[in-house]
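Chains here go by letter, A, B, C and D, matching the order in which they are written, and residues are numbered from 1 within each.
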Amino acid sequence: MEQILVNGTILAANYALIALGITLIFSIMNVLNFAHGQMFMLGGLIVYYVCVVLHLPYALALIAAVVIVGLIGMLFEDVFFQRVMRISNREENTMLLAVGTSLLLENAALSLFGEKQRAIPPIVSGVYRIGNAFLPASRALVLVLSLVLIAAVLVFVNYTKTGRAMRALAQDRTATLLMGVDAKRISTLGFGLGAALAGVAGGLLISISGVNAGIGTAISTKAFIMIMIGGAGVISGSLLGAVVLGFAEAIGYALIPGSVTYLLIFVALIVFLLFRPQGIMGKPAA
Amino acid sequence: MTLLSVEGLTRRFGGLVAVNDVSFTVSEGEILSVIGPNGAGKSTLFKLIGSFLPPSAGRVLFEGAVVSGLKPNQVARKGIVRTFQETTVFKEMTALQNVVVAHQLGVTASPLGTFFSSAAARADERRFRDSAAEILDYLGLGHVKDVEARNLPHGYLRALGIAIALAARPRLLLLDEPFAGMNPEETDRAVAMVEGIRKRGVTVLLVEHDMRAVMRISDRIVVISFGSKIAEGSPEAVRADPAVVEAYLGKDDETIGH
Amino acid sequence: MAASLDAIAGRAPERMGGVSRVLLTLLPLAAVLYGLIPVLFAGQPYWLNVMTNGAVLSFASLGVWLTFAIGRVNIAQGAFALLGGYVTALLSTLYGVSFWLCLPASALVAALVGAAIGWPLLRLRGIYFAMVTLSLTEAMRLAFLNAPGLGGGGILNIPRPAGLDTPLAFYLFAATLLLAGYLLVWRLATSRIGWVFRSMRQNEELALSIGIDVARYRVVAFAICSAMGGVAGGCFASLQQNIYPASYTVSDSINFMLYCFLGGLDFVLGPIVGTFGLVIAFELLRSIQEYQALLYGILMIVVMLFLPNGVISLFPLLVRRFGRGAS
Amino acid sequence: MVNASRRSVLKGAGALALATTLSTPSIVRAQEKALRIGQLGVMSGPEASWGLVNKYSALATAEMWNDKGGYEIGGTKYKIEIVSVDDRNDPKLTVSGAERLTGSENIRYFIGPNTDTTATSVRPIAEKNNAIYFPYAFARSLYTKPAENAILGMIASYQVAPIMYQQLKEQRGVKTIGFVARNDSDGLLQRDEGVKVAQTLGLEIVSSSDTYEPTITDFFPVMSNLVSLAPDLIVLSSAAPAHAPQMMRVARELGFQGLFACEAAQDIKIINEVAGEYGDGLISIGGASTPEIRSPYMEEFIARYTKVAGEWNDEAGTKAYALEILLATLAAAGPEAIDDIAPFKAAIDGFSMKNPFLKEESQLTYVGTGDFGQKRQIGVPMVITETKGGAFTTFAISSVAS
């Protein structure tokens, strides 16, 4: 029982970083970032490259992942998304663009880093016991780092000027524009921050399990599930979605035959959305 | 003859009562206005009558039959058609296409006939085009009928919204704030338009904020405040009602008639 | 010229007579499907197979286009292709039912399941509908994977359809299917039903207010879409002679959606152009080996950057630029 | 057609034009004869590694022979050219890819595809176009009559399990066993087969219901259950090289003391990277790649593979065989087999060659009579390995009954 709690907590913390990133991008740009999982994967592979190939410390690798993936996000936003949003007839068209960027990232990663599963040597070793549960030190470290990052992001969007501008832009684009906020710059920054969060989540995960070039779509699907549970575009909702999915997975794998766990998660999700189409925390549609 | 009767209509959102036990009737051929200060529950009441919201209690009868609980499209089929505030039109269609498509209730061809373009379906389309052109002309939109709605000047959009509603051949037309945001000149034209609609044999129930226009065209007025009906009667009677004055008191930007 | 382009784009001018409009719309596509492609590729089973894939995938994408027409981004078509594939597989291997009966059965089952699931789900809009349909694709795969009695889920040795023994025969069948699907969707889109769909896409509440039974039309569109997916799945099951839970995954569902985007959502021909464009591009890019998939992604982005409203939107642009000078 | 449209294509879409230009096949110098062998498999997406290892293995073997002037068949030396087609693990693309190889390219022999789904889709095409193919998929119907064009390129899980479990029972005293399977058709089938074997051997099965999605990122929840039951052996059914080390690490971190077994090939580099100190105690199938038994020829293959792919992959140890035995069988069948598979099929039954990859003298033949009723499997030696101190060591050597 304690083990389920530990498992759920670790999963939830890592998922929260993913969900937070995709929510930021969605709320600011109204773009469903299909490439989110690929950005996650890229973050992991960058950490691998810096740590294992260049033999540099993990902290540096994590920073490299944040910076590079963040820059890629900003570049995509600036070069691709802004243009397409300007000249396309329908909002949905950005979805194709997002899928295109995901293919691009996935195949670029395949060419650059190869097809193999990558992982890095453990940063810390040892296993803690909490009651009957096991908590390896490496996972504890990832858990703590994830929580710190989540807190940092929350502080950023709530208490800094840029962060507040992002939230304002997400809530009411027109009004924020009227207030003289440089929407273009804020959008680019927001996209970059969302991407960087995916990158850092990947960089953290590679230290406890591993990442390969093809993992992206699966991560994106999970990210979608989380924002559906929590409510699209709501930051608190994304965190809640991560907790729900993390614990659903942990409890499901522990108590029911594994092969049915995700089937049940999907069916439950579909049924849940019927009764609460806007997710737990989302604003009801007008 | 009573066309619509609202009986004890109540709507709660959580603990908040938006519409509280409101009753009134609308007679055939009249223009009845529902007025009230901001947040009085006018919009909710409007949605309840159009069946866009289910009531928590009470009911709406149309020609003696209960219509609350039906879906909006079923209510429209019975003859209650609403308009929307502001610029709710089919933006990617021309004005004419907007009104042609709004004739859906008048279709006589079967679905298969429509699909295979049967003689009945083609006759339907010819009829709808003529009728749509007539409605647009009547509302002064004839010269812009081939302009795509998103390119229409703002001022035309509300008229187009009414044209769409008229195409559904309503017995009772629900107008949602038809004069909001208009300057006096525009209001005059809009008032004339509403009177014209009545001349076509359509009963009008309108919800409005702009008292001036309401006083001019309404046969009767229902006043609501904080969800409850506080007055009902002719414009003159309502204007003199102390409760109404009270409800509007302290609102500098409001003038009660003139 | 302009008239036939309009027809190609699925926007035949309404003043024309019914029969000539149908002909004008169908002839160019029929000419390509029955004329150009067989003449070019008759002796090349490989290209015929690519074209068969293109035709059947287009057929399924046309269905997805219909759900786009009612304003829903549908990422569930893979689920219905899988369902249709299993219906054909089970009927033909267990009961020896002929392919020609399996296919309508696949369509029917997919339509019924589509209607049953669609009725409640179609209330969702925007990305919620997109994501819930994506979940549906995964749920369908997992359901077949764990279905009791299927033992891991694969069905093998599905008989090849009688009469379609050669690649050319199968291609011609697929082309006919596509043409029929095109006619169906084109008629839907250009008739009053299409205008009703358009009104629902542009404003569902307004459509409700003028008496349109939005819920019913949505379900009808979704059921037709699902039926088309089911038929495509049945075709592929017979062509490949097998079906597995992994035969259609989320990426298939996403691809169907992409084909529509890429061709252009405003044109009935869009999904067909998009499907064939991407399928053929992928095959042509084969020769560059490991960069194939990379360039495929780049190609998609380039199209989106310069023709965000789809490849077909190029034609009206050209007509405007050059047509005006000429006339 | 290409010429006529070149201009407009260049104008229209640069990428496509590039493809058209590049699509001219690399022309082998006229005086040399070329032997073209196909390779069809998944080389992009999540399962990219499966097909890429096939491709690199084939390329490595081909280069080794080409450097020696080519492969001699009936007195003529042939340069070997590998034609690769990526099917993205999509049966639709596999079918057209197989048509391309066996139809347009007129290739009679190809290696792949990699999964049951794609391999069974290829079957009608290969039979129609008279081609022999070497799938890395276990579906029995591919190799059992009436099918006769497919040759299983490796050892099937259901062939490994009885020998592996028995050895573990006898040598390591394994009494209790638990299964965790990949939640896809292959994984569930392999688990079910493994459970049957364990029952026959009288092992106590503590659990067989745990599975995981192929898209998983964290095995902690999956392994918790099984580890708490503390079996002597955990079988990782159909575990990908990417996943097995993660499961091992997690199980060890949860306090698991027993052994692991996997009927599929694994990769020591990934095991070292991912599982690190917890990498010991995995029994898996290993081709000819353990250092103690390698021949110099195998060393050469590894060096060449490393050059082609950038780094060695232990999965290639089992995939080195396909092209080698294919070429030798062609030589035995004679030059007419290059364009006609009938002599090739006839040569299969009596074929035998020295296994070039093993130090010890041993024969390489086709096997499969026991499982498929005909010889439709490469008689790859069954080298069962154990991970110890960051390397594969030989645990047991066996073979599939002919």
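Heads up, the rule we're going with is that a contact is a pair of C-beta atoms (placed from the backbone, for glycine too) under 8 Å apart; a residue touches a chain by one contact, two chains touch by 3 or more.
Quick caveat, the model's predicted, so the values are computed rather than measured.
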item	value
Length of the shortest touching-chain route, chain B through to chain D	2
By mean Cα position, the chain sitting nearest the middle	C
Selected interface, A-D versus B-C, where C-beta contact pairs are more numerous	A-D
Far-end chain from chain C, centres as C-alpha averages	B
Chain B and chain C, separation of their C-alpha mean positions in angstrom	41
Computed distance of Cα centres, chain B from chain A, in Å	46
Distance from chain D to chain A - Cα centre to Cα centre, in angstrom	35
Distance from chain C to chain A - Cα centre to Cα centre, in angstrom	32
Per-residue overlap in chain B, given as positions that touch at least 2 other chains	none
Shared-contact residues (touching 2 or more other chains) in chain A	106-107, 110, 217, 221, 259, 262
Residues of chain D touching at least two other chains	43-45, 183, 188
Chain-to-chain touches, reported pairwise for every pair that qualifies	A-C, A-D, B-C, C-D
Complex interface listing, chain D residues touching chain A	43-49, 52, 180-181, 183, 188, 209-222, 224-225, 228, 240-243, 245-246, 249-250, 253-255, 267, 269-270, 273-274, 276-277, 310-311, 313
List of chain A residues in touch with chain D within their complex	3-4, 6-8, 10-11, 14, 52, 106-107, 110, 114-122, 125, 127, 134, 136, 139, 205, 208-210, 212-215, 217-219, 221, 249-250, 252-254, 257-259, 262
Chain D residues touching chain C - in the complex, by the definition given at the top	1, 13, 15-16, 18-20, 22-23, 25, 43-45, 84-86, 88-96, 99-100, 103-104, 115-117, 120-121, 123-124, 129, 139, 141, 183-186, 188-189, 192
Contact footprint of chain A on chain C as seen in their complex	68, 73, 120-121, 123-125, 127-128, 130-132, 134-136, 138-139, 142-143, 145-146, 250-251, 254, 257-258, 261-262, 265-266, 290-291, 293-294, 296-298, 300-301, 304-305, 308-309
Complex contacts: residues of chain C adjacent to chain B	18, 187-188, 191-193, 195-196, 198-199, 202-203, 205-206, 208-215
